[in-house]
Every structure is written in structure tokens, then in C-alpha cells.
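Each structure below is given as C-alpha cells.
Same chain, two partners: chain A is paired with chain B first, then with chain C.
The block that comes next holds the complex of A and B.
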């Protein structure tokens, strides 16, 4: 693939004045953070809470981002339906968890539609660990199945089409799936998780007391486990190597005899599965579920992927955690009514990254 | 001239691809007439009174006009220059809020500046263009899909900022913004247009009298009708403007950028400047669309329900339906999308209820689907009809996928205007004959920028 010489003015760091401005702002914020910690305006426990909740939500962004990053680099298009893969994982997983945990308190249909109040069903990692685990597994399986079906009927006939055509098609997929979920589950925003056990940690470390709940621990365990699995898959197996080869240079991969269709199928399995898991887990921490849950996350996932560098799996993980922590830590400065600006500032961060370093932290893949 | 069928076909094709003015105007007129007849028929079928039928038609006309306006703006960016802007809703929000803040009543809440409406509208376009410039700078140096992500992020930044409480005194935040200047149609008919209880002026008396004798006593409807017709005139003006832009030397460079930016650059064009200019022009027109649609037209906006990214996708779908790259296609796509895909489904449940079909009304998707196992599809049909809102989006999504797979050039066929001022295929074939046969339409004499 020819590397265009337009990169020369596209991604250079040093001759980019915006980079200096962005860097200066970052340094100022960091200095201000230190000042607040020293003067006691910001307690260590509060900071730890921001970092901890940011890490939890960031790992979920990263998990969903891996799939987006993989499809982006291997299939060469920005999948705007990726948020809906997250939603499908969330709904199918939680329907299953409700059915497993609910037993006979309501009809099967009502349990499937998440109708009974969360308190009566009582799904949480401490009260019904089996329901949560089965829900996670089913969420992953259903999302993988959907990803494969969608690939077969939507994307495969368009193999080799331009990225923009595929992008538009994925917007169509996003619409269809999102409103299919709305049709089945309605447009409300029910709470589905039962209360869970909380721990206070940090006292012994002299960091003050901050709250950690068992759902957050479950999310960290599950997402780190899945990420480790992806890492092993990509580095230790032949399939993983083929995937990385295809992300780097598709033509070369094909010449080398890599079965591209099979690699694409594996990409959807991996990306869809991780998105489904992320969807199930994000409901575990948010507590509520809605038909547009994935769409609301999509831009944040994009931010994570772009920050990490499109095509880089580790970049997506790191980018997700950075975006998650940035989002939470912004409350240090954005207080009271200004907390409404958290989302605009996070999205602005996305644009700044595009401006300063479009290839992302770990980006090695073409950026023209 | 040779009269072989092949020659005649290619002449026809040239006429279409160049957009023979008469054909296109006739096509648009016929489409509009057909839609009027269709919606009047729907109203009559549902046994509305005269005012009700007129209301149906007026509502449709308004939507067609505002969609056409927004689609024309997007066509300048995507159809001509290939800039994939999916932040249309954000720029429309900027236009709507700007016209409200610039020309709104200084005594209302949130207070406006009370400037005259034309200044307000021009200001809205200017501000939207400037916001477009801000968005364009980081975005235009990137590849198309990055531009897509950056612009959709931009539109969400705009929308969530409009919702944020720190700016409540300017934007109304979560309460939305209602302090819009009254629309020009109302100003035409009323002595004191800002006041709901105002008496009509002399023109108003006369026009309302005529409509009352026709059985339409609702003066608001007459105002809406006038405004919708005014919008159609504005669509006409913007259409001519876009067409001239597209056929100008400037427009030809844009088409060259769309086809192959490297070539345009190699020919000495500063493609970045061209892209920024057209991006700003498109954003200004999106601002105009927002000001005239949600601002002056609806008189009330709220970022929790208006200006969602969904709006951008509607406009995109309309453009794809019509065939991007063509102004006529843009207007047609806007009309077809607004009338047939967006508005018509909302009448379906009313129409179905006239069949005396007593459809079952299942409470949930499960109750709708389970009877299928006993071969009873009626609960599912009833469920779908009752949830036509969601169904509409599903159909739109499926349509979009189908279009991209089968008709990437648009539902109405290949209408992309060629980048050159004359059809190169045509000229090739005529080499050796008299060169003047095609000269009438050629603009080759003008100098490029």
C-alpha cells in the first residue's frame, strides 16, 4: 500500500502549534492537580475514587474499543454499528441473567423483557453470581452470532468497497439494530441490577477511605481476563499473527497465503464478542439499560480507539482507560453546573487528539 | 447530427448528467405535485375537513422544503467535494440558536438582541460558517473517516454544550429555547406578530377572508401555508446558487478534489483552501436550514430531542436516496425522504384503523411473536402497526444498507455531475466533426481560479 507523502504535513508533532498548546494545557492541569492535593483542596480519597471509577469504566471502553480497532484496521472502515453490538450484548446477556435468577417470580416472557423490578429479581454478582456469569457468556455468544450474520448479509457482499460506503452501510445497520431493540424492549431505561456489597479500602495505605463495590471488582477481573486472552491469541497463535498481518498490509497478507475470509470471520468473532461482553459489563456498573446504551458509548469508544491508535489492540486498552479516567477526573475542575461540560470536554479531547496526533499513542498504521 | 440510437442515447445521457435545466425543473415540479395529490388524498381518505386536508399538505410541504434545504447544503460538501460531514445537526443547531439569540425579543427569556430578522438570519449563517471553520481545521487534513468521527463529535459537543447549565442564561439549557422572532409569514399578516392575541393587519384580513370563504377558518394554518411556500422559494434560490457554484470553475475544482485530490493538488490547486471554503459555505447553508426549520418554523428547540445525530443521518439518507453529487437529486431525495419515508408512516396506523380490522394489540414483543408458532401472524402485525415509529427507523436502516449494496449512486439512478464542464466521452466520439456542436453549453472559455 502506497504511503502518501501527505502524511508529512498531517502528523508531524513538532511543527504543529496545536500540539504545544495542548501540551501546555495538560501541564498546567497537572500542576493545578498537584497544588490542589498539597493545599488539601482535593482529598486523596476523592482522587482515588476518580481514578478507580475511571479505571473501571475505561476498561469497558477499552474492551469495546478492541473490537472497533480490529474491524477498523482489518476491514478498513469505521463501524458505526459497533455501539449496537454493545447494546445487543447488554440486552441478550441481561435477559438471560433475569431468566436464570428470576426463576418463577414472573412469566418467562416478562423476565426476558426485563419487566419485573430489579429489586425482586435481584441480579448481582454477590446474590446471583451464576446469573451474572451465564448472562455474560450468553451476551458474548449472541453478539458473536449477530456479528457473523450481519457480516454475511451486509458486509460480505460489499467486500472491497470504499471505506465510506461501508461506513454508511454500518450506519444503516446501527439504525436497524437499535430500533429493533427499541421495538422489543421499549424505549424506557429500567434499572436491572440489585444492590451489591461495598467495601471501603485505602485506610491502611493512608489514602483515605474510598468505596469499591463488588461489581467493579467483577468488571476489572472479567475485562482484564478477556484482554489477557486477546493478547495471548494475537501473539501466540497463528490466527493472531494472520490478523496482525492483515491489519498491517492486506495485499501482502493475501500474497503470503493467509486465508483472508477466515481471518475476517475471526475478527468479527473477536470484536463482536468483546463488544457484547463490554455491553453486559457496562450495565453491571451503570445499573440501568436502554436501547440506545451502545450508541451513547460509541463516541467515547471511538475516542479511546483514536487515542490509542487505530489498529492497535493495546492502544485501544490504554486509550479506553485514559478516556475513562479523564472523564471522571474532569470533575476535579468541572464542578456543580459545570459538570454538564464533562461530555463536551471529552469529545473536544477526541478532536484535539486528531489535531495533535492523528496516529494515536501506538499508531503505526497509515494515517493519510 | 447522426441519428443512430446510440448517439441519441448519449445526447440524452449528457443532458441528464449536465442537468438539462428544463428536464430537472419539470421533474421537481411533477414530484411536488404528485406529493401534494398523495397527501391530499391521504387526508381525504381519513375524512379530515378542508382545513385538516390542507394542514396535512402544508405540514408535508414544510418538511419537504426544510429537508431539501439541508440536503442541498450537504450535497455541496459531500456530493461536490467528497467531504464526509456527519455533524449536520450541530451546524443546524448553531443556526437555529443564533437566529434566536440575535433576533429574539430582548424582553423574553433567554433574552435576545432584538436585531432585525434579515440580520439575524445572515448572522446565523455567518456563525455557522465560522463554527464550520473551527471544525474544518483539524478535520480536513485527515482521511474521510476521521473527518466523519470529528464532525459527529463536533455536533455532539455543540448539542451537549447547548444543554449545559453554565450557559442557561443564553441558551435556556435543558429548558430549551423558545424566544424566537416570529416568522416572516406571521409578520406579513399581523399588526403585532410577536403577540399571540394580535389582530391581523389589512393584508391578513384580506387573505384570511379568502381562506375562510374556502372553509379554512384557522388563521395559523394560513400562516403556516404562506411560510411553507416561502421556504419553497428559498429552496429554489439555494438550488440555483448551488447549481451555479457546481458549474463554476470553483465547483469544477471541487469535483476534481472529490475524484482524485492528488491530481487536483498536482495541477497547482490549493485543495485545502478549496475544501475549507466549500465546508464553510455548506455549514452556512446548514445554519440557514436550522434557522428556518427548527428556529423560525417550529419556534421551539430543545437539545434533548432536537439536533440529535439521528437528524444528520436522515439528511444523509435523503441525499443518498436522491443521488449525491446532483442538486436536482438532492431536492428530490429530500422530498422523497421527508414525505414518503418520514411523514407517510405516521399516517399508517390511522389508515389501518379505517379497515375495521380489529387488530390485536399485544402488550409486548413476546406476546406478539409467540402466536407465530401457532401460525397466527395478526398479533405481530398489530404490534408492528402500533410501534410504527420504531419500524420506520428499522426500515430506514435496512433501506440504507440496501442502497449501499445495490444502488450506491442513489435510488434515482446515476446523477452525479461530471467534473469537467463538457462530457469528455461525448467529445471523444465527435472528434473530427465540427467542434461547435457542443459549444453552446460549454463553459470552457472561463478561466480557472
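The block that comes next holds the complex of A and C.
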């Protein structure tokens, strides 16, 4: 089946007029991109900046998407509270980073609530690497704990319920957690990161000078490291293989003696932890934090997961990067008054890819 | 075929009520078995109780509120090869699923190797040495052949390398294809992988649900040969089969199930030559 799916790419274009038009538009955009590069309307450095920032944000989408994809395939529902797991990771992680870096500049309570201005606390990967690392770890741990508690009190009593009931329950969970965060931290959008070192790269490669900052490098290192970890877990360990087995065929997993509840718990630990990490990291690159940060990201994370093929972990990673780069690179065409169109265009791209390949990039090829 | 089996279904209901000469056979056997147990007299049925592995008594089971099985009795002795046949919807697969804890238990008893497993869940039952191969979707399609076999040994703390070798020796094609995704295997290879997965725990009893279903005709015989091999190496086999004649020819003992209840039980050859069984269930 997987093979025939791959070979039918061409066939799909011909069978599906919408896909054909979309493909034609894609080719035109590509030709236009080349024209802009050749005529100098678009400098190579600008293009590289779009690709680079798209990669950074896309890896975060991918990281958060892994958990969403895993819960979809193992617990059989789309978890709309996943964005709030991202938010909880962000707030718990940054509160911790503030406390570690802030020392005595403010009371513990004020530091926890992220009240002192970012410039005075000075959290960045270069000025306070320990605070960033500890913040990331605590963000992950707190999100894991919350995921397990929520499973125990909400999802476990509903085990075996229809996917739609679970989905609606998860929307309730999302609201509850979001407004709890708003209650504690308020509804402002404070900046929390201090400036960090910037590098100009690309001169030697003839790509022009574009800016890379150390936070972006930290994000790429951390997310690629975590993704490698997920890959090794899923392919090399008994636990990871049993997670894939259960995602594949839950009934057979039970017949084989795989303890399904333990696998579900591991899924929450893995998915929740990665969502928490993504939340902490997205604040590291955006610089600001807000109670609805995860909710706003959720649609993009969903887009990444659906694009990659829902249920597929590798699809979530690849889909995240594609969505991230598309979102950034659409600014090449969407300038001035059109610049607000980047999100609609990103989702349009999702629709177009699904028209061509309804099962997603990895759907039907790789179940995990 | 479908018209015939409808007629069979009706006649079996009637026969249950009328209890004519052959219709009272199962009742009589059940009664015999009970007295044999109490008195430990050496009748035909005590052969199974002497070294009994699986003993199902008076089993009622179904799905949710729907009762499918009604007072099922079933025995499998150590190393025995037992086949369950019967028309569509007779509850053959449900018997197996019920033994493995996959249905709603409603009454009766299921003893396996000295353990009461009635109403237990599969995660517990598998620890007692009972292996089960479902009819459909019986491999993890997205996992490699080798990973499927590894999952078969999930409950063991230490991976049994020698068992893996034995399974590979039994099914050499699996060794050849061990890195390949199970979903890309042919139907026959999948069936071998499904059996191999269950054999990773060296079960005392292997339950197979229609192992020949969906196989090309030339592969069916090969599949039956392999099941013979498994049985000859000491594993008891309980099998549900549509291919009733071939299955009865090869097994030690057979059960004919109708409408969720026992109808006939005897040695495979005897059932095969029984005029009524032939007429009603084996197509003449």
C-alpha cells in the first residue's frame, strides 16, 4: 500500500483538478521566487532569514505535535487541551527561570509571577544558562505531572468512550487550565527574555549576512536532541515499541499482554513533557508570554500534525517544520497590508497539501 | 450455502426441543462427564479430564448485554488438538474470545492448567501459558517482523533469544523478512507471523481463530501442516475453522457448535463420518 501511495503522486494531480491548480500555483510561486532572487528583489540573506526562523519555530511546532499525534493514535482522540500543556510548560518553566536568575532582586512571589521587568532579571541562554536549563527541566516535569493528574481525574474515567466525547472533555480541560493560568498570572503579555548574543552568518557561504541568535541555536539543539531521543525511544526500547504496537492495534496489544494502562501513562509522560518543553522554548524565541500562548499555537500544531499524517510521530516533526517555514516564507509575497495574511495562507497550504495527499505526508507509510 | 445453513439453523432449534435420538447426544455426554468426574470412572470422556489443560463448564458469555454462548462445555487435554466447527454465527470465535477474557463473562467456569481464569482480563490470562491468534488484524502492521515477535515476548523480563530462534526455524520466511514491516507481508506470511508472535511465550495451549481464512487454496494445506507441526512439538491446539472437513481430518477431537451451544462432540474421524454431522454441517 505504501508503495502505491508514493507512485500515485502524479496520478492524483491528474485525477484531482483542485490539486492540479494548487500544483500549478506552487510551480508559479517557485518560478517567481527564482525570479526575485535573480533580479535581486529578494536578497539571499532575507530568504535565509525566513528559512532559518521558519525552521526554529517549525521545530517547536513539531515538538509539541509529537504529543498530540501520540495521544491521537494511542488514546484515540484529538486532545484540544494540548495547547494548554504548552502554556503550563511555558509558565512553570519561566517562573522557575526567573527564580533561579532573579536571586534577590525581588520577592519570590513576584519572581514566580514574572512581575519584575525582563531586563532586570536578565534570563537568556548566554547570561543565565543555568536558569534556562533548569527552567526547561522544571517546565517539562510540571507539565508531565499535570498531564498525569488530568488523565487520572478526567480521561481515565472516560476510557473507551467515543473520540468525540473525549474531544469535548478536552475542550473543557483546555478552558479550565487556560483561565486558571489567567487567574494566577493575569492576562497581560509580559516580555520575559533578556537580549542575547547575535551572530551574522552566511558571508563565507555567499548567502549574504543574516542574523542568528543564540536562543535560536539553543532551540534547534534542544528540539533536535529531544526528537532524536523520541526516535530512539520508539525504535530501540521495549516501551517505545509497545507504544507503537498499541497505536497500531490496541486489541492485539491487549491480546499480546501489553499493559495498556502503563502504555497510556507513558504516552502522557512523553507527550506532555514534549509539549512543556515546546512551551518553554517558544517563549525563549518569542520573548513574551501570555496565558493563551498555547491556545494560539494549537491550530498551528494541529496543522503540523495533520499535514504530517495524524498519528505519525515523524510526520509531526516534518509537518511542523513545513508549517513553520511556510508561515515565515509567505512573507516574501505577503508584504505591507497583506502581511496579516500569513496565517490564512499557512492554513491554505495545509489544505492544498491535503488535497494532493489526504492521508498527510507520512500517513499510510509509517504508523508512528 | 446460505440457504442451506438457514435450514440447518432451524432444524437445530427444533431438535433441541424435540430431543430425538441424535439431538440428545451432547446432553448425554455432559451428564456422563459429570458422573465420570465424581466417580472417576474410566469412560470415554475422562480421557480429557485425566490430563486436562482447559476445562470450560456451563459457560455463558457475550458482548455487553447480548448473550451469545449458552452453557458451553469444552475440554482440551495436554497436547491435544481440538477443533470447533459449526455454521456462521454459532459462536465459535466467541468461545475462544471468552476463554481469553475478551468478552463479557456471564457465568460458568473456565479452568486453565489449574487456574480459574473466568472473568480475568487477557493481560493476566496470558501469563498462564495461553496463546491466542485472532482472525483479523493479527499482526502489528507498522512494526517490523522482528518487532512483532519481540512484542510477543513482552511479558517476559528477559528477551528469550532461543525462542526467537525456534520461531525463526519453524517459519524461515520470518527470519528472511525480519526487518520488513509486517503490513507489507502476504496473507500467508502474516498468518505465520501471528502464530510466531503467540509462540514466543511457548504457550501450553495455542488458540487459533480461522487460520486458513483468506489464504489462497494452495496455502491452506501448508498452513494446516504447520499447525500439525506445532501440535506435534507438544503444544495443545484449539482451533476454530470454516474449512471444517480438513480441520476434523487432522484434529484429535472436534466440537460442533450451533446457536451458541454444544451440539456434537467426538473424535474428529467420528464426526467426519457421522451421517447427521455430514449432512448438516459438512455439506454432505
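Criterion: the second predicted complex is superposed on the first by the 344 of 368 C-alpha atoms of A that agree within 3 Å, B and C clash if a C-alpha of one lies under 4 Å from a C-alpha of the other, contacts with A are read in each partner's own complex, and residues count from 1 in each chain.
Following the convention adopted for this analysis, contacts are C-beta pairs under 8 Å (C-beta built on N, C-alpha and C of every residue); 3 or more make two chains touch, one makes a residue touch a chain.
Every value quoted in this text rests on a predicted model; they were computed, and no experiment measured them.
Once chain A of one complex is fitted onto chain A of the other, the partner contacts of A:169 are limited to chain B, with no touch recorded for chain C.
When the two complexes are overlaid on their common chain A, residue A:179 makes contact with chain B while staying clear of chain C. When the shared chain is aligned, chain C comes close enough to touch A:256, but chain B does not.
Once the two complexes are laid over each other on the shared chain, residue contacts for A:241 go to chain C alone; chain B is not touched.
Number of chain A residues touched is higher for B, counting chain B against chain C.
In the superposition on chain A, A:333 makes contact with neither chain B nor chain C. Of the two partner chains, chain B is the only one touched by A:78; chain C is not. In the overlay built on the shared chain, the residue A:348 is in contact with chain B alone; chain C does not reach it.
Note: residues 367-368 of chain A belong to the chain B contact set and to the chain C contact set alike, using the contact criterion stated above.
Those residues of chain A that touch chain C in the complex are listed here as 1-2, 238, 241-242, 244-245, 247-249, 251-260, 366-368.
Residues 100, 102, 121-123, 126-127, 132, 134, 137-143, 147, 150-152, 154-155, 181, 183-184, 197, 201 of chain C are the ones that touch chain A when the two sit in their complex. Interface residues of chain A, counted against chain B in their complex, comprise 4, 9-10, 18, 77-78, 109-110, 112-113, 115, 154, 157-158, 161, 163-169, 171-180, 182-185, 187, 299, 302-303, 306, 337-338, 340-341, 343-344, 347-348, 350-352, 354-355, 358, 367-368. Contact residues on chain B toward chain A in their complex (touch as defined above): 84, 135, 137-139, 141-146, 148-150, 152-154, 156-157, 160-161, 163-166, 168, 173, 262, 313, 316, 320, 364-367, 370, 387, 390-394, 396-401, 403-405, 408.
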